[in-house]
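Two complexes follow with chain A in common, the first pairing it with chain B and the second with chain C.
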Partner chain A sequence: MVKRLVVGAHYGFRDWLAQRVTATVMALYTVYLLVRVALMPTHDNAAWHTLMAGGFTKFLTFLFALSLFYHAWVGVRDIWMDYVKPLGLRLALHVLTLLALIGYSGWMAQILWRL
Partner chain B sequence: MAEAVIKKNRPKHLNVTQIRLPLPGIVSILHRVSGVGLFLFLPMLIWLFGASVGGPEQLDTYHAAMAFTLAGIPIIKLVLLGLMWAFLHHFCAGIRFILLDVHVGVDLPAARLGAKLVLAVSLALTVLIGALVW
Partner chain C sequence: MATRTLNFKIYRYDPDKDASPYMQDISIEIDSTDRKLLDVLVKLKAKDDSLAFRRSCREGVCGSDAMNINGKNGLACLTEIDSLAQPIVLRPLPGLPVIRDLIVDMTQFFKQYHSIKPYVVNNSPAPEKERLQTPEEREELNGLYECILCACCSTSCPSFWWNPDKFVGPAGLLAAYRFIADTRDEVTNERLDNLEDPYRLFRCHTIMNCVDVCPKHLNPTKAIGKIKELMLSRAV
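And then the complex of A and B:
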């Protein structure tokens, strides 16, 4: 029998779960958006604007965006951890990724609540 | 305290030009590649979304961007088509991974079938949606 000692920061399970929860939110939103687009009275920019300006859709779109950015954080961080070994460079890439994603969240909020 | 690091001398063969990936392995690496692609193009996607719901001026730049050609090739629309494939592949492969998590399709024939389905469905949907909205 192999005796194993499990070590680590124990964030693996939380990330595994977060990746699946955010993926489910995004998949459900995709279905919601497809249905709403299919039901648009006309398929032009005005109808698209009206759809996106709706309060409920705005809320869901923002939820989708936040899910996407968290999902991207876990995924991209895993990639840095797999391929980038020098600690300083890896840390810099982690910080840059995080800053970009936080910025995108603000950008999306600004786009949506200007409508 | 017990020894935390177990060292094993296993043979290593990591020549990427010689390794023949099985189909589920191809789906797996494409899941990563498509995720990276979507991540890198996020600024472009957010900008296009913002312009598409913006005022008349922004809408003009949106239409100009969509009509932009480089040497006769509508480059932005082509990139968007590529990202559409990336999204669909990531979506389908993601569903497959969640099914594997709950032990659906784990044995080899089912895993191979699932991998084939992911590749086929995401490509077919890309062609279909591409033809619809191009």
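And then the complex of A and C:
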């Protein structure tokens, strides 16, 4: 392969925007959860279970988790891009990060929907 | 005339003679007419002509004498001696290859600058007189065109340190917005395409070292934000 410097992968803007949107989702969810927790009559296991097993909260929690994972994907990939120069190693780290985050998403769904 | 002594620690490196760079302690007597750091550097050079640094206009217009002064990038000709704690530590601009002492190789910096096509592209037939702008349209260019390309900003940017070959850097991006904002330019879309990449523009993480060091008090971060805003407005 010729040694040419190539740039121009057209996903910079999409990921930048996604990072901001997911951050907003996480911020809003944090406010929602804090309010719900503050309004809980007791803070025992049963009360927590009722809160987290509710359909709406479950949906929001899953949305929060997906936002967190997408946000983390952009952030962690930025770290690999800045500090890991060998192409093969960087690709491997990208793939591992992605696989881990996809795995976490499934795990999160499993945890939430067994409540 | 009142004289006083100034103490310096200066980065020295002559690749023809030195195996590795070293910091040299130098003291010099200055008098009350020596106001700026460049005045003293010229005096130091008269005392030891092996000291190498760039300078030209001595009034903050040419951008030649950018260097790292007590840990912060700046122009020697605009830096008041009295504002500096002693010993005054002088290093070359960080992140660029050192040619000798305080002189760095700016090739990478200018490569990035040229990559954004720093000129108005207009393929329409030229009018009889000049291409006109309204005062409001011209106003948009204030705070952008004044850049003197001293490289203080780009070389203080960690994103530029890690990816100088791929990230355009604050100086280049300020210039990019200067031509995006110019109503006489006709290739805005191509300019945005050129930057819509995870490296060229989006390595900027709003650290704002560029704003902190700019000797012309310009704001590359704001310009970068406006480019992102334009990308948003054409995407949604």
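The rule we apply is simple: the second predicted complex is superposed on the first by the 108 of 115 C-alpha atoms of A that agree within 3 Å, B and C clash if a C-alpha of one lies under 4 Å from a C-alpha of the other, contacts with A are read in each partner's own complex, and residues count from 1 in each chain.
The rule we apply is simple: a contact is a pair of C-beta atoms (placed from the backbone, for glycine too) under 8 Å apart; a residue touches a chain by one contact, two chains touch by 3 or more.
Keep in mind the model is a prediction, meaning the values are calculated, not measured.
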Chain C versus chain B on the shared chain A, clash or fit after superposition: clash
Partner chain(s) touched by A:A27 [first = chain B, second = chain C, both, neither]: first
First (chain B), second (chain C), both or neither touched by A:G55: neither
Contacts of A:Y104 with chain B and chain C, given as first, second, both or neither: first
Comparison of chain B and chain C by chain A residues contacted: B
Which of chain B and chain C A:A9 touches, first, second, both or neither: second
Touched partner set for A:N45, first chain B, second chain C, both or neither: first
Those residues of chain A which chain B touches in one complex and chain C touches in the other: 5, 7
Of all residues in chain C, those that touch chain A in their complex: 159, 162-163, 165-166, 193-203, 205, 228, 231-232, 235
Residues of chain A that touch chain C when the two form their complex: 5, 7-13, 15-17, 78, 81-83
Chain A-facing residues of chain B, complex: 2-4, 6, 32, 35-36, 38-39, 42-43, 46, 49-50, 52-53, 59, 91, 94-95, 98, 101
Parts of chain A lying in touch with chain B, wherever the complex brings them together: 3-5, 7, 20, 23, 27, 30, 45, 48-49, 52-53, 72, 75-76, 79, 100, 104, 107-108, 111, 115
